[in-house]
Each structure stands twice: as C-alpha cells, then as structure tokens.
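Have a look at the structure below, then the notes.
Naming follows writing order (A, B, C, D, E and F), and every chain is counted from residue 1.
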Amino acid sequence: MWTFFHKLGSPPWLYAISGSILKYLLPATLLALGVGMVWGLLFTPPDFRQGDSYRIIYIHVPAAAVALAGYYVMATAGAISLIWKMKMADIAMQCCAPIGAALTFVALVTGSIWGKPTWGTWWVWDARITSMLILLFLYLGVIALYEAYDNKAAAARACAVLSLVGTVNIPIIYKSVDWWYSLHQPASIKFTGESSIHPSMLYPLLLMIAAFYALFACALLLRMRAEILDRERRTGWVRKLLEADAV
Amino acid sequence: MLSAQQLALSRGGRELFGGLSFDICPGQLVQIEGANGAGKTSLLRILAGLSRYGFEGRVERHAPLLYLGHQPAVKAMLTPRENLAWHVAGEADFGAAAIDAALARVGLYGYEDVPSHALSAGQHRRVSLARLYLSNSPLWLLDEPFTAIDVDGVAALEERKAAHVAAGGAVVFTSHQPMRGNYNVRRLCLRRGLL
Amino acid sequence: MYFHDLHSALHMDGHGAFVWAAYAITCVVLLLIVVAPLRRRRRLLREMSAEARRQRGVPTQGSEA
Amino acid sequence: MSAPSLPAFCLRLVRRQLVLAVRRPVEILNPLLFFAMVVALFPLGLGPDPKSLASFAAGTLWIIALLSNLLTSDTIFRGDYDDGSLEQLLLAPQPLYFSVLAYLGAHWLLTGVSLALISPLFALMLNLPLEALPALVASLLLGSGVMSLVGGVGAALTVGLKRGGMLISLLILPLYMPVLIFGSAAVRAAAQGFPAGPQLAILGAMFCLAIALAPLATAAGLRISIDA
Amino acid sequence: MSAPSLPAFCLRLVRRQLVLAVRRPVEILNPLLFFAMVVALFPLGLGPDPKSLASFAAGTLWIIALLSNLLTSDTIFRGDYDDGSLEQLLLAPQPLYFSVLAYLGAHWLLTGVSLALISPLFALMLNLPLEALPALVASLLLGSGVMSLVGGVGAALTVGLKRGGMLISLLILPLYMPVLIFGSAAVRAAAQGFPAGPQLAILGAMFCLAIALAPLATAAGLRISIDA
Amino acid sequence: MLSAQQLALSRGGRELFGGLSFDICPGQLVQIEGANGAGKTSLLRILAGLSRYGFEGRVERHAPLLYLGHQPAVKAMLTPRENLAWHVAGEADFGAAAIDAALARVGLYGYEDVPSHALSAGQHRRVSLARLYLSNSPLWLLDEPFTAIDVDGVAALEERKAAHVAAGGAVVFTSHQPMRGNYNVRRLCLRRGLL
C-alpha cells in the first residue's frame, strides 16, 4: 500500500503509467461518447411528455454528476497535498479545477437550453440550479487563485486550503439552498426524470454517465502529464525522455 | 543560534545561490553583501522562516529572532509610541518609560506623539529601528537597516549592533555600505551563487 | 434509428435547434478539455528540445570564439 | 521582560485594530453609511410602493449587510501586509490561530456588531414590522460573525497577491450564501409571526463551526500568501 | 525627442491603464463576476419567484451596476498615488484635463462598457422581458459613463487622504442617484412597452455635461490632494 | 533655471526653514543635506511645484524638470520596458532601442521583460533611474536617488549626474552620503532652518 503511495508521488512513474493507461482509455472514451451521443440522439424514442427535447438529458445529467464529483476529487487531492505534501496531489488538484469548471458550464448551458422548450424560460432559481451556479463560482475561485500566485508551490497550497474550506461548505450550501427553495412557493416547475425511466432511455444514459467519468479521468491525466513535464523540465528523467523522443 | 544547510534558490529561471551552508553563533556580526538582485533579501526571508516554499535545503533556528524587513512595519495612523506599545511581533510588553527612552535613542525625542504619517522618510524608519533598543531576542535579522537614515543615525546604529553582539547576541544584516566603525564583521558575499 | 429521414432528425418536432445546439456546445467544450493539454504538451516538448539543442550548441560556439 | 500572555497579546491586537479604525472615522462609519445609502437606493431603483418594500425589507437588509461585509473584508490584513506588520505577526511566538481570531474579532466588532445595532433604524425606514426587529438584530449579529470569519479566510489567501484584484469577492461570496439564506429567512419568519428560533439556531451552529475552523484556514492562508 | 502630441499621450495613458487591467485578469472580470454574484444574491435574499423577480429586474440590475462602479472608482488613481506615478502625471507638460479624461475613459471601458455588453445575459436570468434589453444596454452605457466621470472627481479628492478611507462613496453616491433614477426608469419603461427615448436623452445630456465638467474638477482635485 | 525666494515652511508647529533664497544655474550640481526630518523632501517638492499650499515665498522655474521622489513611480505589474515606454511624465516617446540601452546602463540587461514586482528592491529603483538616461529635461530634482542601490550603481549614477551637469544641465539632489567621486558639488545644508 505504502509503496504504491510512494510510486504515486513519483513524477516519472506517474508520467509513464498514465501514458500507457491513456493509450487505451482515451480512444475507448471517445468511442463511448460517440456511441452514446448517437444512440441518445437518434436511436431512442422521444419522451411522451417532453418530446424530443429530453434528449439533452444524455449530456446534461452526466455533466452535472461528474462536475459535482470532480469537486470532491479536487478536495481530496488538496487534502492529500496539504497533509502528506505530495507533489502529484498538488498537480492533480490544480488540474481538476478547469475540467470541473468546464463540465459545470456544460451542465448549466445544456440545462438552460433544455429549460427554454420545457419551462418556457432560460433560467429559473431552482435549488439545484442555484447550487450548480455556486459550484461554478467555487471552481472559478480555485482557478483564479492559482493563476494569481507567482510562486506555484505556494499557489498549490493556497488552492488546497480553499478547496478544503469549500468542501466543508458544500453540504451546507446544498442543504441551505434546498431548504431555501422549499420555503418559497416552488415555481411550479419540477424535474421530470425522477419518475421511473424506461430502460430504452436508461441504458444510453448510463453509458453516457460512464463515458463522462472516463472523460474526466482522461482529461485529468492529460493535464497532469503536461503539468508534470513543465514542472520537471530541468530534471534528468525528462531530458532522457526527450532524447528518447528525438531518436 | 541558526544553521543553514545546503540552501539553494532559483527565481525566475536564474539560480541565485546554491549549496549555501553556514552557522551563525552568538557573538557574530554578519554582513550579507551582494549587488542588487543578488538574493540578499530572499536569503534573509528564508533564514527568518518567512519563505517556506520554492527553495531547497534546511534552516534550523534555535533562538527567538527579531526581523526587520524592507518594509518598516510602522502604522501611519499610530504615533511612534503606540506603534511600539502595540507592535504585533509578540515580544514583551514594553513599559512606557522604556519606549520613550528607545525613541530618544533613535532621535525621535519630541516626536513621540506625532502621527507617523507626518514623519519624514528617515524618521519613519527610525520608529521601527527603536525596537533594537527594546527587544530581547538574541538573533537579529536586519534587511538594509540603514536605508534613509542620516550619518549620525548610521553611527548610532552601528554602535547598537556592536553592543548587542558583545552581549552575546548575533546580528545578520544586509547593507550596500561597509560598516564605518572598526568592528569585527564576518562577510557573506553573494556572487553568482557562490559565497 | 428512430427518425425516418435526416430532416426529421434535424427538426425533432421543433426542438431540434435546442437539442443540436446543446450537443454542439457540449462537443466543443469536451473537445477543448481534451485537446488543450495535448497541445500544451506538444508545445512544451518542442520548447524543451529547442532548449536542449541550444545548450548543446553553446560549447562549440564558445570554442570557435 | 518575557513574552506577554496569550490573552494579553490578543487584547492588545484587538485594541490596536480598534484604535486604527477610530483614527479613520470614515472607516467605521463607512459600513453604516453604505448601509444607509443602499437602503436609500432601493426605493429609488425599485419604486417606492410601501407594501412591496416591506415584503422585501428582510432580504434587502440582509443583502446590504452581506455586501458591506464583503467589501470590507479585503482590508482585514491588507494594511498590515503593505507596511510589513504582517511579517512581524507571523514571526510572533504566540500561536497564529489566536492572533488571527483577534483580528477577525475586531473586524466583527467594527462592521457586524455596529451594523446589527443600528439596523432597526433602517428596518423601520423600509417598513419592516416591529416584531421582526429582535430577529433581525440577532440574525445580523450571528451572521456577520460567520461572514467576518469566512471573509478572513479569503482575505488571508489573497493578501499577498500582486495580480489578485478583488479576487476575494469571488472566493468568499459562495460561502456567504448559506448565511444569507438563513439570515433573511429568520427575519422573514419573524415578520410573518412565526418563531425565528430554528434559523437562528442554525446560524449559531455555523458560527461555532466557523470559530473553530476559519482561524485555522486563515492562519494557513497567511503563511502561504506571505510567500506569494 | 520632443514631448508627444496630446492625442498620442492620451492614447498611451489609455493603453497603459488597459494593459495594467489585463495583467490582473481578475480585475477586469471582477466587475462582471461581482455583477453575476450579486444577481445570484437577489433571488436568494428575496425569493425565487420569477414574476416578482421580473418586476424588480430593472432596478436590481441598475443598483448592481451602480455598486460595482462605486466600488471600483476608488482605484482609479489609488495605485498611481501609492507608487508615485501620480506625481509624475501632475508634472507632465500636457494639460491635466486630457490625461484625466484618458484615465476616466479607461475606467469606463473596463467597468461600464464591459458590464453593459454582458448585462443582457443577467437580464435574462432575472426574467427581464426581451424588449427591454436594448434600453438596458443603452442606459447602462450612458449611465456608467456618467458614473465613471463623477466617480473620478470623488477619487481625485480623496486619493491623498490618510484618514479618508472610503469617504469617496459618501461623496459621490448622491451624484449617482439621478443616474440611477433615469437609468432604471428607462429600462422599466421599455419593459412595459413604452418608449425609453426621453430617459435616454436625459442620460445623454448628463453624459455631455459630465464630460465637459468632471475632468476639470478631477484635475483640480488631484492637484489639491497630492499636497494633502 | 530655477530661483527660490524667501522660502519658509513650518510643519507640525516646527519651523523647518525660513528665508531661504537661492538660484540654480546651468552647470550646477547641488546636494541638499540635513538630518532626517530636516525638510529636504519638503523643499524638493516645493521646488518641483508639487507642494503649492502652506509655505511662504516664491519659486520660479524656467526649464522643464525631471523629478524622482521617494516613491519610484514604477508599476509592479508592468515590465521595466513598458514602465519606461508608457511613463506618465509626458516626456518624449522614447524609442525601443533607447529604452533597452538605458536599461542596460542601469544594470537591468536581461530583465527588460520581467514583471517589475519580481525585481529586487534595488532593481525596482533602477527602473526609475533609467529615466536619467532617457530624459532631455535640463533640470533634475532627485530625492535620495541612491536608496537601495549597490556600490557600483552609485558610482555609475554619480558619473551620469556629472555628465549631465557638464552638458549644461543642473541637478539638485538629496542624499545622506557625500558623493564618492571627486566632483564639484555645491552643498545646501538644512540645519534648524538655516542654510
């Protein structure tokens, strides 16, 4: 266990292993995404109430779910980097933020595009939507904080502190927003998907959720590889790698 | 009192110093020299424990320290007296009489109750230098303490440092001018990463 | 395939614009988060090999001078 | 002369911060004036109909309190960073947790507490029902405490940044939102004749949590950003 | 090498200010983010009901625009004062009127114009009717120009004060009020289907007046407060 | 180039100087001396026209001037190059080549594109001193130009001042150190209000 942990902390090992993982994972992910999208767009029956607009669910729900999970990945990496001072955790944390923000953005945009045909409005202040917006702010905060520091070692620590503070707060934010919304007259709009969903619609959805998770992993590894290269550009193993590349 | 081992620092792609090891012992008066941008301030901040990321090597401090940086840590809205009485460095509570005596020593007699923003550049710095007459930390780290100080002030400061060292303290300071008085100074010269 | 022809697939009972726009935006963003780090890595590698070449070049220049 | 005891040191810090604020009277008055002016802006911007004003008074007052806290929290450590005092504080032998708590406490006294005490006046100007006043003051007291503590974290993380700008508002605003929700809900409940106890209890719990954790994060943030 | 022509000098100043802002990306994004976040605060504080939100959207958006202008105007000359650049500007041979105009123009571009351009997005989030969008953008463009100009006067008068603090908000807020009234009235008129022309015309007149007079007052204020 | 008549100034109830009259002519190198708080900065700001209220007497300037104060007027977020190209003093537009040459003269070769906040204290000041190599104002008013500058830098600066004076300019500066080189310096000593 500990040796594995040590290996995880070693840049050359992570660089090499992520390279060989990505070789298979990335094409598989892209394939799954393609299949899922085509399946969802063209090969499923329309919803009996929403018609064809419900097809957005195949990108909306996965994006929202992975965006949420991404914050916890980021905070966990942040905690590890603070406690064990592990360089790779730092890098992982800092690489999570832009991906998470992008997925949150996708969830918001697709949700609000979906809202227009179903609710007749681009935006409502629904509990879940509001907390998604707050999540976007949390992500943007981490990104902006990292960019603002010159000393990147210090930047990573600062972001770790911030993401931990955010983690303590996320349940509070979710609970409070939920509670806030139920206090008011709900705006007579409800998510529809909560009722049982037909298997012919469910399978592509599950596929897309899996694909989005895989995509998150791919993007994270890709980003980390680039970042590792940048930070370790003066070390021996990168030089060797370059020579091997050149030959 | 302080030992540094294998300190190495690069900033902005330039190596400032590397493999720097030394000990500071009681009774030593150490002047860090070097051209502008040689890394004196960076080194001092590492020694003080203010910089904690982005350098290599280890620093061990075995004594309470007094650090005065480029910024004098003097609040413009407080008078010199208040600045010293409420200083945030967590040292002893200085008595009112001790504070007035220290202010007199740095030539601020009569300015004790003037708001610090109405002081001249040199007087402003002198407020912070008054802590040299109040502190009982044995180890002093001073970054260009003579900035903006006039000739008499520099002489008085040199004397104070010598007295502190004679009493078993240690002083590490940076300055572009050699000390005028005839003191026993150990020099650390930062030049292209070498000592 | 659920739709009979291309037109009905594009039109989707009037919701086509929304659905296709949502998918298009999503694809663009997803592509970006995959391609951006790839490009950065390529750029870094190029930079570093240029640097290495320069360093290898320096001694010969020095001896000529 | 030995180092002062911890409570003595903290008291010294609080006193220093209060005196510094008193020397710039505008600095203390500012949150209050801001409050007053924005209270005046609302009828101008939204239209002066008393009934609709009253129905929004609770939320409006809380939003203003939040903004005035948000806008002052950047200054908690800024001055000390600029003139080098912060370095001195970090080198002090006393645990940073408590010094930071003293700073945040002083900030709370200067913004939150003074605002809470004066808020009934503005509440009456916006036609808030009388029975909601105790809930308003209590919720503002507790809530502004939480906001000062959380704001301190943001201030600490950004104080050393050359390229930070007002980054702090982005960092802490999401964290303020739960406070806003429960605070305004407490006042609204009281205004409609319901007990405000539950909401106030939640605010109290947040306050306790924040007191325990926020100074830790703030202290860590200061140590980091002095090195930015 | 002779002194650069006046337009060249002013362009140089505008460019410098813009680059300075771009170097702190948070600084430019900040008014926008602030806008976004406060837009999010309003439903949280006042309740999410789309209908009542829509009825307050015009006023709310205008109040937020005003606040974000108010909060940034203090920074127009502050940085230059602190690092000595302001002294250099005052000693420049070019007439101060135009240099000041360049500073205020840059501030307007960075806050007002960018805010006006992005405001339709937020307007939709608050359910403002679509037909009110042109009036919203136009009124924000003109109104924020006036506010930048007036804010400059306040900034100039307080920049040298050791005990000034945020006095500036007190000084200029009353001057902002007419802008707020006509601006939000224009949007409200458009939202209800009336023409917004008259209000926009008044805003335009204010803008012209402010361009003529405000830089004069700002220049005088700078000369005074460099000596404070 | 500049003439001062019957200048008198009191600050905080203390008379700093009174009845001060002098002329500055082309070819003069004038050092204003005095202890901390003697009023050097106040005098220089009056001469530059920055202080316009609260003193007595008259100042007449007959030539464009270059003023460098305690604050270096260097923007931390701009690079040295940009700081010079976009300086706000309204002087000539300096060409890119001239700027680079001036930066090299003040020892910032290789630092042209580093953001100024990543420079050391002395390098930061050197950016502002580069204007001495660019400006064509005949009258220079410099307030402690040597602050934070290392030994070589001071020597280079002294040379530059001497060259400017030799070319028919005039320099008024304050400093606590006497000039090292052997130059013909006129000294104005502020001591309890007297010259």
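As a convention for this text, a residue touches a chain if its C-beta (ideal position, glycine included) is under 8 Å from a C-beta of that chain, and two chains touch if they have at least 3 such contacts.
Labels paired with UniProt names: A = Heme exporter protein C; B, F = Cytochrome c biogenesis heme-transporting ATPase CcmA; C = Heme exporter protein D; D, E = Heme exporter protein B.
Owing to the predicted nature of the structure, the values given are computational and were not obtained by experimental measurement.
Shared contact partners of subunit B and subunit E are A, D, F. To overlay subunit B on subunit F by their CA atoms, one rotates by 180 degrees, a value rounded to a multiple of 5. Using mean Cα coordinates as chain centres, the one most removed from subunit E is B.
Two chain pairs are in question, A-B and A-C; the one with more C-beta pairs in contact is A-C. Each chain gets a centre from the mean of its Cα atoms; for subunit C and subunit D, those two points are 45 Å apart.
As a whole-number value, the distance joining the C-alpha centres of subunit A and subunit D reads 32 Å. Per-chain Cα centroids separate subunit B from subunit F by 27 Å. Subunit C and subunit E have Cα centroids lying 38 Å from one another. For subunit F, residues touching at least two other chains, in rising order: 70, 76-77, 115, 117-118.
Residue positions 134, 137, 140, 144, 147-148, 150-151, 154, 157, 177, 180 of subunit A are each in touch with at least two other chains.
The touching residues of subunit A, when paired with subunit C in their complex, are 26, 33, 37, 41-46, 51-53, 55-56, 59-60, 63, 98-99, 102-103, 105-106, 109-110, 113-114, 116-117, 215, 218-219, 222-223, 225-226, 229-230, 233, 238-239, 242, 245-246. Within the complex formed with subunit A, the residues of subunit C that make contact are 1-3, 9, 12-16, 18-19, 21-23, 25-27, 29-30, 32-34, 37-38, 40-41, 44-45, 48-49, 52. Across the complex, subunit D meets subunit F through its residues 162-163.
The touching residues of subunit E, when paired with subunit D in their complex, are 23-27, 30, 33-34, 37-38, 40-42, 44-47, 56, 58-60, 62-63, 66-67, 71, 162-167, 169-170, 173, 177, 180-181, 184, 188. Remark: subunit A residues 134, 137-138, 140-141, 144-145, 147-151, 154-155, 157-158, 161-162, 164-166, 168-169, 172-173, 175-177, 179-180, 183 touch subunit D in the complex.
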